[in-house]
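I have a structure I would like to understand better, so I am pasting it below and will then ask my questions one at a time.
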Amino acid sequence: MIHEDVVCPFCGCLCDDIAVTTEDNMITDVKNGCAISKSKFMNHHLNLLESALVDNMKVSLDEAVGRAVEILTNADNPLIYGLSSTECEAQRHAIHLAELLGATIDQTASVCHGPTILGTQDAGCVKCTLGEVKNRADLIIYWGCNPAEAHIRHFRRYSVFPEGLFRKSKKEREVVVVDVRNTASARIATTFLQIAPGTDFETISLMRAYLKGKGDALPDEFKNLVERMKRCEFGIMFFGLGLTMSRGKHLNVDAALRLVRDLNEYTKFSITPMRGHYNVAGAGSTMAWITGYPFAVNFSMGYPVSNPGEFSAVDVLARKECDAALIIASDPVANFPAESWKHLADIPTIVMDPKVSLTSRIAKVSIPVATAGIEAEGTAYRMDGIPLRLKKVVDTTRLSDAAVLSRMIEKVRA
Amino acid sequence: MIIKNGTVYDPANNINGEKVDIFIEKGKIVDESELRDKKEIEASGLVVLPGGVEIHTHIAGSKVNIARIMRPEDHRKDVVRKTPYQRSGTGYTVPTTFTIGYRYAEMGYTTVWEAAAPPLGARHSHEELLDIPIVDKGIFTLMGSNYFVLKYTEEGEFEKLKNFVAWLLHATKGYAVKIVNPGGVESWKWGKNVSSLDDTVQNFNVTPREILKNLARAADELHLPHSIHVHCNNLGSPGNYAITRETIEMLSPYRRHITHIQFNSYAGEDWGTFTSGGSDIAATLNKSKNVTCDVGQVIFGDATTMTADGPWQHTLFKLSGNKWANSDVEMETGAGIVPYRFKKKNVVNAIQWSIGLEVLLLTEDPYKVFLTTDHPNAGPFYHYPQVMELLMSRKKREEMLETVHPLVKERSVLPSIEREYSLSDLAVVTRAGTARALGMTAKGHLGVGADADISIYRFDEEQIQKSFQKAAYTIKDGVIVVKDGTVVADHMGKTYVLDVKADLSEEERQIFSKYYTVQVSNYPVEEAYLPQKEVVTCR
Amino acid sequence: MLLNPLVKTAIPVTAPCITPDWFSGKSVEEVGNLPVYYGNKEKRLRDVFDIKDDGKDIITLGSVPTVKYIGKGMTAGSIVIKGDAGMHLGAEMKGGCITVEGNVSDWAGAEMKGGEIVVAQNAGHCLGGAYRGSKSGMNKGLIVVKGNAGNEVGGLMKKGIIVVEGNLGDAAGCSMKGGTLICYGHPGNRLGALMQRGSIVLYESPALLPTFTYDAEYNPTWLRVFLRELQKTPHRIPITQNHIEGTYRRYNGDISELGKGEIFVFHE
Amino acid sequence: MKIVLLSGRTTKQGVTAEIGKTSDDYLQNVAVIQLNPTLMEQMGAKDGDTVEVQTAHGSAVVMCHKSDIGENMGFIPYGPWANLLIGTETQGTGMPDSKGVEAELKKTDKNVESVDELLARIVEGRK
């Protein structure tokens, strides 16, 4: 059986044209997807968490859920973390659970585009959907990101190569890559501008000064870039973790957001962050409409309070403030600084994941779940905020994240 | 259930302050003979009204949520604690979904319309509606700069346009055709705008006039329950009352609803000579048929402006210096968001405040003009009782006039207006009139067959605002959801959709797959997002 | 009133009730009844502190590195912390004085509108700064830190004075709109980023952002008056006669923004 | 040898993480550092040799690969090895300094730790 127009649950591109062939409830072929997408679909059944575990002993799902709820309700300051690689329905339940428990809840944006959110909270953000880029952009800038390796079909589907309403091919577009290293993406660019690590803020600030008729110190190649940015008909800047993870973080993003904002005095210019996980935008969305804040939210006082740096997962763990943790669809042991995830080994940690992860290896309770977008339906938000319906292409006896969380909520309320 | 001995105002059924008992069975208002559940609410001394029907608000979807993400400072000062019946949340100008449902219900409102959903983001709007409790709800679908609408208008293909409108309403599970700055939103995609009804849209040989006429005709011929819902061109600019008047007049004989008309009733040449065009607009409304409007009344204090009118939001960003978000949507529409504060001592803000009241008070037929604040553009919706008091009491208006910029007395006719709203008038502009304009036959009245959505107030003439802020009871679908201003039940309302059906042509599918970035099969909103829906037939 | 912490865990205690305003006129019994949060558990102040009445108006606390919001919004009176203090110390305070004998964590004096905070050792990030999304940070008052401070000191500051005798972290005075920031140690990286107005006074040479431009060298009259006034405070700020009479190099920036901010670097 | 350490995504890291985080494929693609050939020559390291990377926050032994990256830089794909080298301080943002950390590099005879060894070393004595 061939499932057409399946939404790929890997990266923020959320490509929705994947054709997945299944035979006897097994995925046998994947068309249109990139290498990572293919790997995700074809290998989704490998390295599975075979059974619910408590202290590495096999238990029933009910027992594991019961133990998890016992741990969480007894905690004085539980942490819920993850969410970006599961469906919105699960995220909404996780937020409800956090509220009932008086927990801190954070999602993976805090170690990804969290600084982008902080920048937006200061300056706002002039953005557009990816189809606007495909249809109109004649100047495309990728700054501090490497879609050739991280968002593999981004060039082809959304920006450089596709035929759009007003731009018919790559020939009608100029592509600029700014990075600290010569990446695979830089090779596609018409112009590659290399900057020294940790100088993004200075460069962008000088570009803004130059735009205001100052900023003589700006190198000529960037002066030239600013001129082209002013002259284009529809410009777009995509940026990645090169801005958010390097020194300056939210200030780097703030400067970039302001540069693009200022350019709208001259022409139409937009900016869009290259979001990593396929539903990290959804995690921010659900948290925002339920709590008002997209990440790093604390419910200990019975209402939501947010403060990145205080209630963000890396900080809560590094300061050893939480005494229990529930990790949903994420692997902080692989992705957090070692000094911060150590605390997860010291406290009772519960993991919900389809697969064995490094975090599940150190967890007290492991709960196997269905893989969202392959074995379970739900909503996911693309990097530009477009919501799409994830499909279920194979059956499983394992419950979805949403179903497990909803059982936990029932038990907490009982 | 019986609501006994209440003083009932049900203008749609010509009941004006009479003692009438109301009987409720299975969520509907019934004749006494059908009553089984004999539980009583003793309402003597209380005022009984149909549940409030909100015709225009921004409560769900991408632009609202961008505003939430962008404004943590807005939430910190207004927190809502969880209770056994209530989820927690935050305000102030952009409340969280659960808080929106509770605050509307606490005020006695039971039906609420999200007035601007981008089609490509409609799934998002519906997902948020799932987390707005108590009230019935639905969305209006943005169409004023849609590619296919522009294309068919340009080509003079009205039947194709009509079919597309039907398909888009079906695909987005929308209820009405929303038009924002027709043509201007497309032009903004190149950083431009349109400034008259006869300007040409960038890259399309069409004018705002043609777009409006075509969509108005389509909405009428499709027998949609609500007319086109129009945010006029030139919103926010001095002198724009002229284009508003022209829009109302040139759309005759089609039905049309002009939204937040206060923002489009400005006279004067520039900000220095800014003055009210409210009385002129009211005169136009008085002499026109088939037209309704809501006011978008200014509330002094914090607001968050959000609209599909991208070019206006860019202007407002430059005027205010506040943070600015813009969000353009491929093939369809756009949005802009700018925080704003309306100040009593700012002459323009003070005149804006007077205009909403002028239009509400000078328009003779209350079935033509409705109370909104275009939440959260001119202020948060839960300040409606403040406006109700000003409408019902000339004394309160005079007191307020003393506190605002003195130039209002010269540039607005508000000080000379004597009219005071009756409770019946109020019931029309917040219930009977909005329900009628929306074509919701079971809402806005208390006759047999109506939905049992009822609000009951302890009305005190001396404290009108306080009277309407917290309902003594709000009853939704026959369930007491609010008592003494507090939510006492966990209740979910329905989402309203239309029974329109249409298919895309093969050519349309090809255009779609070429220029959208999602597959056409993944575009329509799935039934999964409508667990409790009410389908309305178009006839 | 003397408060000694009873809990030794890392679980945060949220205690905005620890202010002279709340304590005023209350007995030990009543103070002990004030609500606090220990993690997500609602408790009474007496559950987390041993409270004694020493007959003084001053609130004296032991080392409380996990206690948040001490002195939040206070309008008058004094708090002394005989050790370290947790986050949000004196946030939004309007008057009175808080003295920390040890270190203070992040967001001390955030968005404060008056009063004084004196820290004997180091301060964390966002000292006198703004909460995310806010239009302005500190908006009056005085903060003196004898040791070092973290990142974003005085972010979005509008009015008031911050003195850091040690080093500054990154982006001190970022988006500053007014007020004065003085640093005697190393001024850190990206000082005054996105600065609009306000003054930063330095006694060590900074590596300035390229969006600051040299203007003039002189002895600003306002600074002379300002330093003399600051000398009169009891906080022993290391102001010398040279500092008052000497010349300063003035730089303007951030020219990517309004550019009316000033950085003064002491020269001679 | 002093370098500025960068971390980021690679296609192989993405592909192999989807097979499994405990798989050998993942280790082969994540416990690596990309270096400039000139720098490697100066260190006397060949493609596939192990090097020890040390920062203020920790150290990791990884395999080195030639790349056209700048001479003063090293690139390690996101994963547990990169995270041994990064501190927990987020300066009030929630985001640790994941890119642009200063590191010291030397050739070593030590082997690359397996996932199990890495977990055991860090978790040891904790549970």
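To keep things simple, chains are lettered A, B, C and D as they appear, and every chain counts its residues starting from 1.
In this text, contacts are C-beta pairs under 8 Å (C-beta built on N, C-alpha and C of every residue); 3 or more make two chains touch, one makes a residue touch a chain.
Here the structure is a predicted model, which means the values were calculated and not measured.
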> Relative to subunit C, which chain has the most distant C-alpha mean position?
Replying inline: B
> Could you name the chain whose CA centroid falls nearest to the centroid of all protein CA atoms?
Replying inline: A
> What whole-number Å value describes the gap between the mean CA coordinates of subunit C and subunit D?
Replying inline: 39
> How big is the gap, in whole Å, between where the Cα atoms of subunit B centre and where those of subunit C centre?
Replying inline: 46
> What whole-Å value do you get for the distance between subunit A and subunit B if each is reduced to the mean of its CA atoms?
Replying inline: 34
> Where the CA atoms of subunit A average out and where those of subunit C average out, how many Å apart are those spots?
Replying inline: 35
>> If a residue has to touch 2 or more other chains to count, which residues of subunit B qualify?
In response: 70-74, 76
> Out of subunit A, which residues touch more than one other chain, so two or more?
Replying inline: 118, 121-122, 247, 299, 301, 308-310
> Among the residues of subunit D, which ones contact at least 2 other chains?
Replying inline: 91-92
>> For a test of understanding, state which residues of subunit D touch subunit A in their complex under the given definition.
In response: 4, 6-11, 14-16, 18-23, 57-58, 68-70, 73, 75, 78-80, 83-84, 86-100, 115, 119, 122-123, 126-127
> Along subunit B, where are the residues that touch subunit A in the complex?
Replying inline: 60, 62, 64-66, 68-76, 79-82, 87-90, 94-98, 120-121, 123-124, 127-128, 131, 147, 188-191, 203, 314, 317, 323-331, 334, 337-338, 514-519, 521-522, 526, 528
> Where on subunit D is subunit C touching in the complex?
Replying inline: 91-92
>> Using the touch definition from the top, list the residues of subunit A that touch subunit C in their complex.
In response: 75-78, 101-103, 118, 121-122, 201-202, 205-206, 208-209, 212, 214-215, 217, 247-248, 251, 254-255, 258, 299-301, 307-310, 319-321, 323
> What part of subunit C is in contact with subunit D in the complex they form?
Replying inline: 106-107, 124-126, 150-152, 169-170
